[in-house]
Amino acid sequence: MTRRQFVNDPQDHVREGLAGFELANARLVRWNRDPSYVVRATPARASKVGLLSGGGSGHEPLHTGFVGEGMLDAAVPGAIFSSPTVEQVEAATRAVDAGAGVLHIVKNYTGDKLNFSIAAELVADDGIEVATVVVADDLATDSDDPGLPGRRGTAAVVTVEKVCGAAAERGASLAELKALGERVADGSRSMALALAAPAHPGEGQPSFELLDGEVEFGVGIHGERGIGRTSFASADELAASLTTPVADALDLVAGDEVIAIVNGLGATHPIELNVVFGAAAGVLERRGVEVARALVGPYVTALDMAGCSVTLTRADAEILDLWDAPVRTPGLTW
Amino acid sequence: MSGLDAAGARRWAEAFLDAAERDAEALGDLDRKAGDGDFGTNLVTSVRASRARLGDGPLALPADAFSALSAAFMATGGTSGPLFGMWYRELARAAGDGPEIATDGLAAGLAAGLAVVRRLGGAEVGDKTMVDAMAPAAEAVAAAAESGADVVAALTAAARAARAGAEETASLVARRGRASYVGEVARGIVDPGAATLALFLESGAAAVADPNPVGEHRRSED
Amino acid sequence: MTRRQFVNDPQDHVREGLAGFELANARLVRWNRDPSYVVRATPARASKVGLLSGGGSGHEPLHTGFVGEGMLDAAVPGAIFSSPTVEQVEAATRAVDAGAGVLHIVKNYTGDKLNFSIAAELVADDGIEVATVVVADDLATDSDDPGLPGRRGTAAVVTVEKVCGAAAERGASLAELKALGERVADGSRSMALALAAPAHPGEGQPSFELLDGEVEFGVGIHGERGIGRTSFASADELAASLTTPVADALDLVAGDEVIAIVNGLGATHPIELNVVFGAAAGVLERRGVEVARALVGPYVTALDMAGCSVTLTRADAEILDLWDAPVRTPGLTW
Amino acid sequence: MSGLDAAGARRWAEAFLDAAERDAEALGDLDRKAGDGDFGTNLVTSVRASRARLGDGPLALPADAFSALSAAFMATGGTSGPLFGMWYRELARAAGDGPEIATDGLAAGLAAGLAVVRRLGGAEVGDKTMVDAMAPAAEAVAAAAESGADVVAALTAAARAARAGAEETASLVARRGRASYVGEVARGIVDPGAATLALFLESGAAAVADPNPVGEHRRSED
């Protein structure tokens, strides 16, 4: 059957979504229409470092849903699965600079890095200091080959935004935030698989087809094919196939603590995600690794893809304390 | 007149926008097969913005056509948007404020465009990106300038070289851009960025050679 | 293509999901395994009326996700789309009774009403006072025929749980809560449509098939067919087809205020929901009706159904004040 | 022996559980077409719980078989769970602590069962629910008791009446239960609750008539 979506003109979809998002979350965020970016309804105090992230749309609640107290100051949404423009990043950077500089949190994609870095060069001309944390957690695209773009940035960006957001609220400097963000990013790895591909708004066909017995292993968050097709299996087996390589890549051993994100890629139901989380926690427990904190839900989606990812971040007392700090955004509040 | 004037540059840009709009779906399919599927909609967005920026009135300078494309692609985002945008920007800069672009100006623009795309994107020939079409096109026009060929001949050579480069990407596995994430799946599929670049130069060769349409005649005149 | 899910034995799916849910939300909730119900990790103060809801599973975050401060004291999850058992309801009622009685918030389904009412009779024998609010908001099943079961209960139950939860925290009596809950329920109507049917965990086939040009209009939250097939149309038109009859049924006129829920039924992406919300708000604005508060997201799902519902609740100062009161649950926090 | 003893009641229950397990998929399909699709899994859950509660050892009383089914269905939830559970409870109560159930005991149980299901569910005959099989079955056994028929004859009549009632639900639009939400879509589809009730009585007629298997012989003996 053809896939259908609630959509008017697909070209207007992202903007119409932002208009509805702003209206529904008017107490928390404000949408600047042109150039398009989302800022807090109540700006942070003057001396705080500004936190800006962004990227293609289609990953909601990421990033716009994480604008608010204790997390981002602004987010820049591109077209579906497309980096925002230089103009957007530049304007948002200027909007959130309060004199203490701006941290760009960028997922590792050519387009995002390109547009954020050109914008950073432009604002530097006006004396705005920008530091950048590149998040590159996706194990499926790990490689020693420097000619390749390296690991994609996926759900670990939520952890980086949360932890750096809390530290910024507490007065950390731009340099401290960059170091902290890089520490969290370096200590994070993810792996994802898809049970069904997403379809772009207004397009009837998914971006790829799978046979009944197959899952797409090692997918990213843009509906691109993964690194291979593996056999469909039980939730326990699929969860282990995601969790074990991530734990291995981080060299996790008994006694280590992690923050875990079992992230729904769009169409996967909360019960399924909880089942996967239970299985992932079991894998870690048998290894002696403690899941100190967890998020289970659709935080970084790939439109209506069916599937999930497992992200683990090495935790320590400082990171956990920042994780637990209050946050008040449309997508994450405690 | 041996160079490309403002009217010719507008014809070129418009021919390209028509061709890009016509092929956007097919180019998007290539990105769907070996990328993330947004190339087609990105391209449509760029085309619409380009038409708006080109407007209806006559252009003052040939560089204005490239500046319009540059601004429109820059405003699109994605990877291809700013890269094409920066590439067009170099074409416009090389054209400067001259009333016509000659072969050497085109050669300078293509060389500078290739350089900025390589610097920003880090891709080399063979990485299965737009660079695989840009590099041979720049070489072809450099050779044309060397041999004193006119703009139409230079563009025809550039189009042929770019198309050959684009076709060759089908045999490659991508090493840059989102297609690099899918490994062998990308083999057999032409890179949409390279194909679009070839389309741009082909549109130029056709539109400039054949204004209304007396192109073949003009060419023998030059 | 066959639908696939992350599932081990489908018979264990709900329980495995609850185990993962408890683990991921250990600071907020505790899962009593047998009989199965979810309670707050930290019980409410002694004199508070207990708030209990429940129903079939497959609607997550409803109801278990709404257990916590400011909302429910416990939730009783049945099998997928099946009412919980008498034994579960009885045990949960006893668990949350703190001497001030227990409010049962029940969606209007034969099975739910049956099992909650039998349980209420059983605990009454031991002197536990139970009052029941039946939520019946779904316009598609509205009928004057007393021989029919009447309107189904759908997303308005979230509003009832939120508002009554806040009032209970503030010390409202059982009778007051019943009256308040009925006022909110009576002032609420919903309408839903599906773009694709859900599939049960472990089952490859969706519960119905739609032609490309059709949407299933007037669906409930159990994957059953709706009251008719209507034409697929733009998001604006579909949103209006849901919003207008709801506003009509509530006789909303210029100057009225509402709480609006644009609810994702499972697989529908946040951007789409925001687009629908924007369109629904437009319909209301043209009518002069003010959307005083809104929730946009998957709050009451029907497994992985693609579709959404629009729920409107007449609001007044008291209801808005209770809506704004703090809430801290896995599924809703502010 | 003209009544139903504990061994017979166990055979009945087990025959039903086997049949229900075999048909659960098909019964679930009926609910999928005109309800919410959970009937099949609910039934499997009830069947598993029933087997656990029945155990392997001999039952003390025929009522124990119905009590086991009652408890198992009550513990399943849904709509059909508690309704079947309450219905079986009445069969068990009518059987009391007697060593055998005679036709009049069965008649009393079916009448009380029908009454409790009507009270709790509010459905009447013609609403396309299990009541459409329960009511004619209760009538048939009441008539059998009146005419002094034995349990096997009574059960055979009950099974036939229940099946006819279940089949007739296909021509109806549902007025109770989740199938009532889908209107005309339900027409043409047999109600799974009614079909399950018919299956239960058919299993009884067969198992009680034909213990090992000398049923036809026994029946002529009674």
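Per-chain numbering from 1; labels A, B, C and D assigned in written order.
Just so it is clear, a residue touches a chain if its C-beta (ideal position, glycine included) is under 8 Å from a C-beta of that chain, and two chains touch if they have at least 3 such contacts.
All of these numbers come straight from a predicted model, not from anything done at the bench.
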| item | value |
| --- | --- |
| Any chain that touches chain D and chain C | none |
| Other chains in touch with both chain B and chain D | none |
| Centroid-based (C-alpha) most distant chain relative to chain C | B |
| Mean-CA-position distance for chain B and chain A (Å) | 33 |
| Centroid spacing, where centroids are CA-atom means, of chain A and chain D in whole angstrom | 55 |
| Where chain A and chain C are represented by their mean Cα positions, the distance between them in whole Å | 29 |
| In chain B, residues with contacts to at least two other chains | none |
| Topology of the chain contact graph, where touching chains are joined (line, ring, star, complete, other) | line |
| Pairs of chains satisfying the touch condition | A-B, A-C, C-D |
| Chain A partner contacts - residues on chain B that touch it in the complex | 32, 34-38, 41-42, 44-45, 48, 74-83, 120-122, 124, 127, 175-183, 185 |
| Footprint of chain A on chain C - complex, ascending | 1-8, 13-14, 16-21, 23-24, 57-58, 60-61, 65, 195-196, 201, 204, 209-210, 212, 215, 232, 234-236, 238-239, 262, 266-279, 281, 291, 294-296, 298, 301, 303-304, 306, 308, 328, 333-334 |
| Residue ranges of chain C in contact with chain D within the complex | 10-11, 56, 78-88, 109-111, 114-115, 118, 140-141, 145, 147-149, 152, 200, 207, 220, 222-227 |
